[in-house]
Amino acid sequence: MVVVLEQHATEQDVERIIKVLHDFGFDVHRSTGVNQTVLGAIGVKPDFDTRQLELLPGVAHVYRVTEPFKLASRSFKPENSVFDIKGVKIGGKEIVVMAGPCAVESEEQIFAIAEQVAKHGAKFLRGGGFKPRTSPYSFQGMGEEGLKLMRSAADKFGLLVITEVMDSNQIDLVEKYADVLQIGARNMQNFNFLKELGKSSKPVMLKRGLSATIEEWLMSAEYVLSGGNKQVILCERGIRTFETATRNTMDISAIPVIHAKSHLPIVADPSHGIGIRDKVIPMARAAVAAGADGIMVEVHNDPDHAKSDGAQSLFPDQFDELMKQIRIIAEAIGRNVS
Amino acid sequence: MVVVLEQHATEQDVERIIKVLHDFGFDVHRSTGVNQTVLGAIGVKPDFDTRQLELLPGVAHVYRVTEPFKLASRSFKPENSVFDIKGVKIGGKEIVVMAGPCAVESEEQIFAIAEQVAKHGAKFLRGGGFKPRTSPYSFQGMGEEGLKLMRSAADKFGLLVITEVMDSNQIDLVEKYADVLQIGARNMQNFNFLKELGKSSKPVMLKRGLSATIEEWLMSAEYVLSGGNKQVILCERGIRTFETATRNTMDISAIPVIHAKSHLPIVADPSHGIGIRDKVIPMARAAVAAGADGIMVEVHNDPDHAKSDGAQSLFPDQFDELMKQIRIIAEAIGRNVS
Amino acid sequence: MVVVLEQHATEQDVERIIKVLHDFGFDVHRSTGVNQTVLGAIGVKPDFDTRQLELLPGVAHVYRVTEPFKLASRSFKPENSVFDIKGVKIGGKEIVVMAGPCAVESEEQIFAIAEQVAKHGAKFLRGGGFKPRTSPYSFQGMGEEGLKLMRSAADKFGLLVITEVMDSNQIDLVEKYADVLQIGARNMQNFNFLKELGKSSKPVMLKRGLSATIEEWLMSAEYVLSGGNKQVILCERGIRTFETATRNTMDISAIPVIHAKSHLPIVADPSHGIGIRDKVIPMARAAVAAGADGIMVEVHNDPDHAKSDGAQSLFPDQFDELMKQIRIIAEAIGRNVS
Amino acid sequence: MVVVLEQHATEQDVERIIKVLHDFGFDVHRSTGVNQTVLGAIGVKPDFDTRQLELLPGVAHVYRVTEPFKLASRSFKPENSVFDIKGVKIGGKEIVVMAGPCAVESEEQIFAIAEQVAKHGAKFLRGGGFKPRTSPYSFQGMGEEGLKLMRSAADKFGLLVITEVMDSNQIDLVEKYADVLQIGARNMQNFNFLKELGKSSKPVMLKRGLSATIEEWLMSAEYVLSGGNKQVILCERGIRTFETATRNTMDISAIPVIHAKSHLPIVADPSHGIGIRDKVIPMARAAVAAGADGIMVEVHNDPDHAKSDGAQSLFPDQFDELMKQIRIIAEAIGRNVS
């Protein structure tokens, strides 16, 4: 930690600040310049609240010099994490595609969609049994029945299953059907839940919160990792800004930033990021071009009658076209899409 | 719902749109102007996804004409809701003050603080047994032991208890000690949890999420209200913006906006909103001047050694001074602080 | 305009609202539903302040049904605008690359860079003579001398010149040297300046303001267009959000949104959007994949000693590699880079 | 400047970084801890771009230790700046009220309003002759004719004049009529214009940009101050956030933050901050309670027929009521309103 003192800090101020640092267990290294004195506080205390020092008379700024996350950071693990999920590798050279409806609605629907997305190269079937909805009056999902249908459809067409868990007490149930547990943006800082996920043996895909900084997102990954579950996949799905023309603002730059700061794979979800079908395609291409390890897109066999998010779901033909385009883009950067 | 058509929409487009509206169960009222055609879609469907129409050829815009929340809205209940909690009324003429430490740390600490805040006019003792922390390596609270101490301290000095519940499976435990259940900003859209809180007999204080719009906040209140719990208090605690000089940006304007849109009481929490002690006081005064029904402030007998949030906790003397100031301000607007 | 009335609006309220609309010159069309009355106000008044109605007793919401911009909108001009600038077409099938240093620093520097970027396929030389700097103590550019050097370097290597104009009183001067006038993000709503640019015969590239909505950006384009200058190019360069890991958040989704709303070409500037060299490349690829009509990147022959923005400037070799990648990506979407 | 090195930085990295710092003219002070090395770079270079170092291999973070502004900072001038403008002091104990219409519309209008606001205690008449409007089709103000009327009305009722200058080439003209030159939010970073204002002998009131950080705002003040004009008043008028229920989000916390960082007076403009009349009053009270040195509010004798911003203008009676309330609030904090 670096403590920068004010230009007019008195010697008495400096001595008090040094005493406080000693009381908190830090070693202190003083460096006096012409205009300004800087104190180096040595001793790693990841949870130290720097405001405790900022308030002291004579202190101008306090900077942390170590990142608050450890297990998630690339300096802890320099090479990419690659997770092998029943033979599908995520985080490696191949870009993995996850596709399916917003919610499972019926046996007919989920089998029809699974067939389509498998045919065009998806590796995962996405879809929800439990749906987080802003309104208590909206369709809340088919529950376990939906998960069963999804599992059967995925098995029939050689796909893996990724689906959302909304609460600690759903983990056991969802684990029975899913290959990857998806954690929604609104739960990114539900800390008790993250601790429980740390005990799961299933990989977890952690969506970025609507207003979460990249550092906070990695801290949430740290909760899961520190609980013992090493398989965390990150998912960018758009952040909240002042712009109202799109549902959210997809932060494509999070992709290269995460690759620099962390060894964990990152997937992009343009369907939620942009919210309108005809703009999902360019954003999916952009995510691949920026280096995403996977994309997740909503596809529906009959979007006009979907029970939720139909407006952002692709038609099967559009999905096919998208797959063709991203195969070429992947090549441009030395990667591939199956 | 109002559907505005594009200027160059063809008659065929219009007919298709009308057919889709009929299929969704709406009655349609067509109004053709010189430049533009507008369709009124009649029939209340609170969860209808307007993007289903926005995608149709010929549609320019779709507007909802009814607010998505009902029980929380002032048009549903025009007069203010006033909750009587063991004799303390919130939502009425009196401005209620909630004060105490960030976290319960020891018997000595909580009793010392309770005595101070009671003496200066607080009605509620605030403090946490369970603490949501960004880092898994930070102090996570004393748990039930902390709640017990808090209850005893509150009882001794004639205070009520408000404390945070972090998870559905903590509700039963916390209800044993608390008079009001506080729900943190990061849980504002934890929908399963909100449903469980709807079944509680205790009042709930729902903090605004860091990037929640006022409409979403009221939708979350609606989850609790529609579950049967009519006692929901709202709490503004700062939103996330681009500004980095403050921890969050306290949205003081949410106070008059909530009063216009809803009958529910609103409390302001300047300690979390601003994050630095010497700015908590002006922001607490501002909240009262803007019409808040209560304020919640962190007070600590020894902030320099607090285990969490010491930097934003007031010294007891500062709390006393603040109480004197807000008594005068309350008068200016025809209210009072006890 | 559509005026939605409150459910409990009285007949007297309705009559007063209708009278006010008549006074403002609107024709009114009343449509009464079971729960709600909606008024259609007919008559185009692009500058009408809808808040004048929102305040009236009985009014719930007011919606504009026409977009506030006209000349910039795709409904006014359905086909893409393609500008032919001395033989280089922007807005058509070809993706145009603009490259060069942040600021012109010396004859040697600008000639060395111009040679490099021309060799690898850029069509425009970018660079500044006048630099808007946050601090009055920072390097402010070489002024006219820089523009002269830039023009010579561009001419020698067959490039066009794009450079920033900062003020109305610089237009005449900059027009002597530039092929396209670049308007900075901070000037996007400098309305007097926009009016002056409307009188110029040179194309204008209008950067999006740091917190400008897409609608406001198009309104600023409208200022230039309505002044008589039809050649407006838009440039996305990142918006301000809460994220601090990047200089700005590049809003890649603005590209498909602009293409849907407007006929004007859109260029992406990832150098300013992201601010750090190694992330400029993935973001430039993403912009092309999302459909940008051009990209503008900073390239420097010696970034480590650049007088400004060296950290976000590419080395010539990196620029070469980027050009190779975007040529492949362009193909994937049926476009090309020369 | 403090340069924190990565944990795995090699000795070769460290030596290169030190060499680069020397080349830039810094003295370097090395401090090696158990896990991490920190370099202190001594030598004040206010415009140094820290990204030049962040890119070097082995560098984890770079922190500036001096604030980029100087003349505007409280450490440069510890006591409050109080400006005496024809006998009205701003920045002292008295809270100054500026009131008037959005735009001057006619002789009758401006005289009627001036009389009202003077009667209730305003010291300044506000109003615009030149209006910055988002749409080129909106009312753009009466120009010089409006300024003349405003000056006469102010003189008749013993008021001072504050009005907006939109461009460098309007300064001479506006100076003839105004006592304070108001600079709009959209011009906050129009740097050429700020330099010109630095040469004016009239006080300047600088509004905060819609997405300007407090540091950037003070940097813009620095432009004016460093040009030789010492009379800069800051004005908070709301920032842009994701919230759509209000026009902007008034950042009340900017008031105590500015008071801590700077000696310059700060005024609050709740009319633009909130945008709807009935919420202007609570926000004006909040600003005073938070310590604002002045407030600026829009008042109109006939808001329903105002040519601009009628919806956010107070009726004269409401203004009177507001003045009564803020007189009491001012007392609570040891200040006064005339």
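Read from first to last, the chains carry the letters A, B, C and D; within each, the first residue is number 1.
Keep in mind that, in the parts below, a contact is a pair of C-beta atoms (placed from the backbone, for glycine too) under 8 Å apart; a residue touches a chain by one contact, two chains touch by 3 or more.
Only a predicted model underlies this, so the values are computations on that prediction, with no experimental measurement involved.
J.: What is the chain whose Cα centre is as far as it gets from that of chain D?
T.: Between chain D and the rest, the longest centre separation is with A.
J.: Take the average of all CA coordinates in chain A, do the same for chain D, and state the distance between these two points in whole angstrom.
T.: Each chain's C-alpha centroid was found; their separation is 38 Å.
J.: I'd like to verify one number: the distance from the centre of chain A to the centre of chain B, where each centre is the average of its C-alpha atoms, in whole angstrom.
T.: 26
J.: Counting in whole Å, what is the centre-to-centre distance of chain A and chain C, each centre being its mean C-alpha position?
T.: Inter-chain centre distance comes to 30 Å.
J.: At least two other chains touched by the same residue of chain A: list those residues.
T.: 211, 240-242, 244, 278
J.: Looking at which chains touch, is this a line, ring, star, complete or other?
T.: Contact map by chain: complete.
J.: Name, in rising order, each residue of chain C that touches chain A in their complex.
T.: 211, 213-215, 239, 241-246, 249-257, 260-261, 273-274, 278-279, 282-283, 285-291, 325-326, 328-329, 331-333
J.: In the complex formed with chain B, which residues of chain A make contact?
T.: 20, 46-47, 49, 51-52, 54-55, 68, 132-139, 166-170, 186-187, 189-195, 210-211, 216, 219, 222-223, 226-227, 240, 275-278, 304, 308-312
J.: Over in the complex, which chain A residues touch chain D? Could you list them?
T.: These residues of chain A touch chain D: 2, 4, 6-8, 27, 29, 31, 33-36, 38, 40, 42, 44, 60-61, 63, 65-66, 75, 211, 240-242, 244.
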